[in-house]
Amino acid sequence: MSLVKRNDISFIGCCASYEDAKTVLFGAPFDSTASFRPGARFAGPAMRTESVGIETYSPYQDRGLEALSVFDAGDLELPFGNAARALDAVESFCARVLDDGKTPAMIGGEHLVTLGAVRAAASRHPGLSVFHFDAHADFRGDYMGESLSHATVMRRVWDLLGDWKIFQFGIRSGTRDEFNLAGEHIKTERFKASTVRDCALEAAGNPIYVTVDLDVIDPSEFPGTGTPEAGGLSFTELLSAILCLSESEIIGYDICELSPHYDHSGVSTALACKTLREMLIAFSGRVL
Amino acid sequence: MSLVKRNDISFIGCCASYEDAKTVLFGAPFDSTASFRPGARFAGPAMRTESVGIETYSPYQDRGLEALSVFDAGDLELPFGNAARALDAVESFCARVLDDGKTPAMIGGEHLVTLGAVRAAASRHPGLSVFHFDAHADFRGDYMGESLSHATVMRRVWDLLGDWKIFQFGIRSGTRDEFNLAGEHIKTERFKASTVRDCALEAAGNPIYVTVDLDVIDPSEFPGTGTPEAGGLSFTELLSAILCLSESEIIGYDICELSPHYDHSGVSTALACKTLREMLIAFSGRVL
Amino acid sequence: MSLVKRNDISFIGCCASYEDAKTVLFGAPFDSTASFRPGARFAGPAMRTESVGIETYSPYQDRGLEALSVFDAGDLELPFGNAARALDAVESFCARVLDDGKTPAMIGGEHLVTLGAVRAAASRHPGLSVFHFDAHADFRGDYMGESLSHATVMRRVWDLLGDWKIFQFGIRSGTRDEFNLAGEHIKTERFKASTVRDCALEAAGNPIYVTVDLDVIDPSEFPGTGTPEAGGLSFTELLSAILCLSESEIIGYDICELSPHYDHSGVSTALACKTLREMLIAFSGRVL
Amino acid sequence: MSLVKRNDISFIGCCASYEDAKTVLFGAPFDSTASFRPGARFAGPAMRTESVGIETYSPYQDRGLEALSVFDAGDLELPFGNAARALDAVESFCARVLDDGKTPAMIGGEHLVTLGAVRAAASRHPGLSVFHFDAHADFRGDYMGESLSHATVMRRVWDLLGDWKIFQFGIRSGTRDEFNLAGEHIKTERFKASTVRDCALEAAGNPIYVTVDLDVIDPSEFPGTGTPEAGGLSFTELLSAILCLSESEIIGYDICELSPHYDHSGVSTALACKTLREMLIAFSGRVL
Amino acid sequence: MSLVKRNDISFIGCCASYEDAKTVLFGAPFDSTASFRPGARFAGPAMRTESVGIETYSPYQDRGLEALSVFDAGDLELPFGNAARALDAVESFCARVLDDGKTPAMIGGEHLVTLGAVRAAASRHPGLSVFHFDAHADFRGDYMGESLSHATVMRRVWDLLGDWKIFQFGIRSGTRDEFNLAGEHIKTERFKASTVRDCALEAAGNPIYVTVDLDVIDPSEFPGTGTPEAGGLSFTELLSAILCLSESEIIGYDICELSPHYDHSGVSTALACKTLREMLIAFSGRVL
Amino acid sequence: MSLVKRNDISFIGCCASYEDAKTVLFGAPFDSTASFRPGARFAGPAMRTESVGIETYSPYQDRGLEALSVFDAGDLELPFGNAARALDAVESFCARVLDDGKTPAMIGGEHLVTLGAVRAAASRHPGLSVFHFDAHADFRGDYMGESLSHATVMRRVWDLLGDWKIFQFGIRSGTRDEFNLAGEHIKTERFKASTVRDCALEAAGNPIYVTVDLDVIDPSEFPGTGTPEAGGLSFTELLSAILCLSESEIIGYDICELSPHYDHSGVSTALACKTLREMLIAFSGRVL
């Protein structure tokens, strides 16, 4: 009988040390700007605990997590109620991971945390594109007077990257202004994600950051989120889209907006774990 | 800083006065004949409160609620436990709305409340047809001895309108007798809603009342209802069917059987709000 | 007014006596080896109580439960925490039912209980095949040192029946070893159930036992289970597969892994009831 | 192994036949006049199913249910949405039980059902008193124009029995008018139930009907009810009050307003079962 | 039949206009610094909606809300994720109410919002004392580096008011440092609230602001809060304490930390409504 | 910014190494013999995660967890569905802890796991007494034919320790036989825990094992358990009883039967954490 401590709760199969790791998984437990239903801050611990319910092996890709080298760094300590400082902390952490030659993989948190990661990536990877899966355009100039908000995050990314560097998929909610402005500056596929492969070809040769707001998935498959929006992708459609990117040069990625307190049956957390497993496997191709 | 009262909770974007309104939205909070799980009486307040989580703009129709003139009258006061009096109150309210040249849009309540609205419409619009989306045929002669029941509502509508005036879609539950009788007097599409456009052509030139029992949608997308029935329509299929009717002469409509207390994650209420937004936009075409 | 006792809660429409019955429905409330989330023991009472929410008539098959002769024997008394003894009790009960010339229809419980029923069937029906609908391969040699487990049940069935007698559908989770081994000894269709008709032809002339682990259905339609796994069948797909088997020689069947405590909205229990109704009607063809 | 049907779900320990029974337990599943949150109709099945979680033996009274002769007749079939007819059915059933020399013990339903039982009792037992445990006075003349309502039930009882025949305990909610009127016609103890023994002495020699609206108990101990009202009795206080009546001539009694759908943890149903056990034992003294 | 809009959801009985009002009720929907479980932002709408379940009349004080003049201003619009700006908005609103000679009554929100109200009150009422009911001392210097936090709010109040102006009751959680520091600067009653009357005498002649963090109540009676802490006051004890202050000069007050999403049975919201009714009645004595 | 792994989720303040530890906390996640509602297996992880919501400092004892030396070993790996093997594993782990001169502190699991710990303690500490807080006597000879069950655990302890070595408190449920037999062999205080101090004096000089089945607490304060039983202790009463034992020679202890899946609001888990904190502090007196 061993007395090794069994309290280390990492995401299943993520057992590398930081030094050996090619991918660094971490959580960004921030949800203070959520306008409707908060709770995404609890996603990291929930996913780690529930990840024992899935296998490490993917029958879709015929590969397992053990073959990768992933270090799970746990959740960052972020100051609630101070978006600017929280983004700085995310950026700073990602910067170190990138500077050490590793790939950051972030568990949000509300979608705003993506901005911190993209800042770190953009300053190190000129020509960066962002592939964005979401139900909402997130392209407002401000939200109730605040420029840093889950509803403005892609607008801030666009401030940073400029025109035609953002590729959106699954978008089915936004104001008329958001849709109009997006049409002039970024690529937005409404309702579906059938153009991912074409967009990946268009972006070929450039580094890509992938951000998945899980509410891109239909609420029937993913109820555990703050702003459910009917008419979304199925898990299978999202998975296909992710696999389309497995040949691209993914230099960082995240999965956001699981809100476990609204996931009474546990299906959303289980789906998030499975999606993260597939992303970890698919996006490790470049670095292995 | 304004001191305008902020307690007025209308459905999002429904800000016209009664006088200016072309459409009058109201709730019929009655569920006393529910045989299985009551709670549809809470749908109105729940939908108004949660409607802030959707946008007023529809990317499906490229139109917004603001452009319409909708007055939200709130919920009627209906006597619990007295179906006959409750139906009279619904009929009386709809009658006034119709006599004022406006379109009534009702939030149920259990499906029985539709009978009150159809009574008002039928006496003012000869040749009225009813388009009926539902999982259940609702075509019994009586239910446990009561002729006024959620399970008999379309039979009572048929008493009123006669043969071949009712068009049913998505029906997947009923007794053998209901299906047999329906086959002789009304049009029933089982399981799907693929014939809506054809039926709309068949009814062209006649006024139409549309009633949506939300349990027509699959329980995976809409769990928050009293009698979930597997094998239903997707939101996308229902939306397509609704859009098929945007050229018809819709003189009244309703959306019934959201039971918020069974909607633990909130996805059903969100879907109901989005469906109502699309109905309000699609069915305002005639009057604008 | 009658004073007949109204406390007899059988599955709807299952009102035959044991003597007259052609099918004997019973529950096997055992879930002690569940590794993740227990509760399948509560499926039998939950399904009986909630079965009043469905009709006895199937519009899919145009037949009703009343025309069949089904006796609902209630739940067996099984010793919690002792898998070997529980399996013996299931086997013994099924043996008696089979020896009396009737068809056993079992409501699990966790999937391990299937082994008891298959033991009874295999010793009476040489050449038995098993049709297995599931998200998980359940083909491990042991699980945490125990050979009797929900995760090993099909391996134990294979010990009993030998090569190429098991036909799996919908499998989307397992270890690499399970998938590899399954590929050499049994037929496994991954992700879908499109080959059921072909497999039924292949097995024609042989007796068949059908086991449905309800987690084969996508968690969006069936959240109320211990180990939800995204990317599953729809109810409609499972129903089609079941109807493919209505001409086969089904000598026993079960439906497992409904865990009502995770079914907060009631949709999973309702779906399980409807699925059981369709199985009872489809699989009675041989004996009627 | 027996093949006796195990689907008979009676309240634990209530295994007498109707003929042998001294007490007849039955359910009155009616909640159509509930103004706030319905669901009391589900109390009977919930209490029967969950009663396996308590013992039949009371360590408080050192007696067990088996020693009594209780027949559990199941739930009556009551017409939803028609209060007058539902009350007739309750009255008719109680009348037969009383005429057969047995004691009716009713599981509500909303509190209105008590009126049916009291009607039957009053016409057979001149001088009847009613002991009423409740958070609410239930003494309105009408409620939204309806004279038959959960909020008027004790007023209707007073119409029947006249002045000073009603003894209320635990009342902590009502309009000023209700409290004023009650003060002139009935005995009302506010907030507590410390005068039960004195009232029992005052009523000695007269037959008594006892009605327990379970919301008399503090919501901390009994959350599962439609209208929770803080500041109530503890279970221990209610139990003491019940035991004070064990020497009285109880000729009928009920326990109302458990609403299982609001009892997420199960504690309210368990408390209701335990309270009913204690009532069955305490009130059987007269007839044994 | 009236067509008056019925969508105005004010707290029950709060029907005065701003001009006529002596008390101005408003909500401060802010919870961004919540470290554990957010959701207090939803308290205002939940309390208004559920207030129909209580009466306007208090049998404890023999007075009703109608006799008072309360204006319900609805919820303020506060910027999520920016504590400093949110506090400014609360302060500004309270300042106007106080300058108009009215009493502000605030529904939080997390406890930090109290600071905004106290700032407005302190600058207008020299010698202000604060009576503070809470499970937690809230007396930290900073929390994870932030000086504005729900865990520091009373420390900030002390910065403003100085020594011996804060009276705490019911405190049962804090760091050793908080308890030590509190002992030197403010009055802290641990575990109970038995000294309120004495403290009221001590503060007699001075204006008082009362703040109730509802987690002062035991979680058995009030589960719906972010940080439940066992061993608290009963509702009856809190009510007694509030009534002790009815003769004091209360110039403002609040009720905080109801988190409706954790109040699955509704008992916490009902208790909060009842407590607010009693506060509104008790604290109006001075101004009537 | 540190890259120390933050995934080590120990109970708050339990940060010693095994070598330095005086107390070894561990979980025994076994619930296979639960007859009613399983789920106690999830208590350990739930308590560790939620322990961040309490402080490490006890204002009741004016001491903090940091001053103690507690190692949190995590949960043991126990075979589901095999009670005998699970008990062996618990016994073996406790034996090692005791042999290393440390105090085992166990988080159940169902109550049966106590037997494993008592076996290890009894063989090392002659004259061992067991102080047992519970709602249920747990004194059956067997349960459905099984001698190892949560309902028989104290009977098995009595087999081991003999007469008058078990002291029960708070017992309020059991069969008549259990109460009768207990009266002849062990000390049982019904309903309350007012004799703990006297019993501690009676056992003075002997080693004591303390086992707390959390359902001893009233369901109003602790709903999150498998078999809620009304009429229990308050947290304050249990805390007082625990503090009565702080001078005794406690050589091991446990806290059992938290079932987090029934703890919808989180109050039960929070109470369990606070109780464990108080036990860890109170029972460390001997070894410090």
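As written, the chains take the letters A, B, C, D, E and F, and residue 1 is the first residue of each chain.
One rule holds for everything that comes next: contacts are C-beta pairs under 8 Å (C-beta built on N, C-alpha and C of every residue); 3 or more make two chains touch, one makes a residue touch a chain.
In this text the structure is predicted, and so the values were computed from the model without any measurement.
When the partners of chain C are compared with those of chain D, the chains appearing in both lists are B, F. Looking at chain B and chain F, the chains that touch each of them are A, C, D, E. Two copies of one chain, chain B and chain D, touch each other, and the residues they use overlap strongly: the shared fraction of interface numbers exceeds half.
If you average the CA atoms of chain C and of chain E, the two centres end up 55 Å from each other.
Rounded to a whole number, the gap between the C-alpha centres of chain A and chain C is 38 angstrom.
Shared contact sites, meaning residues of chain E that touch two or more other chains, fall at 37, 77, 218, 220-221, 264. Taken pairwise by the contact criterion, the protein chains fit none of the simple patterns, being neither a path, a ring, a star nor fully connected.
In summary, the structure contains touching chain pairs A-B, A-C, A-E, A-F, B-C, B-D, B-E, C-D, C-F, D-E, D-F, E-F. Chain C makes touch with chain A in their complex at residues 36-37, 171-176, 179, 190-191, 218-221, 223-224, 227-231, 262-264. Within the complex formed with chain E, the chain B residues making contact are 1, 3, 5-10, 18, 45, 48-49, 72-75, 77, 89, 92-93, 96. On the chain B side of its complex with chain D, the touching residues are 31-35, 37-39, 41, 77, 79-83, 144-146, 148-149, 261.
Within the complex, the chain D residues that touch chain F are 52-55, 57, 59, 62, 64, 218, 220-221, 235-236, 239, 264-267, 270-271, 274-275.
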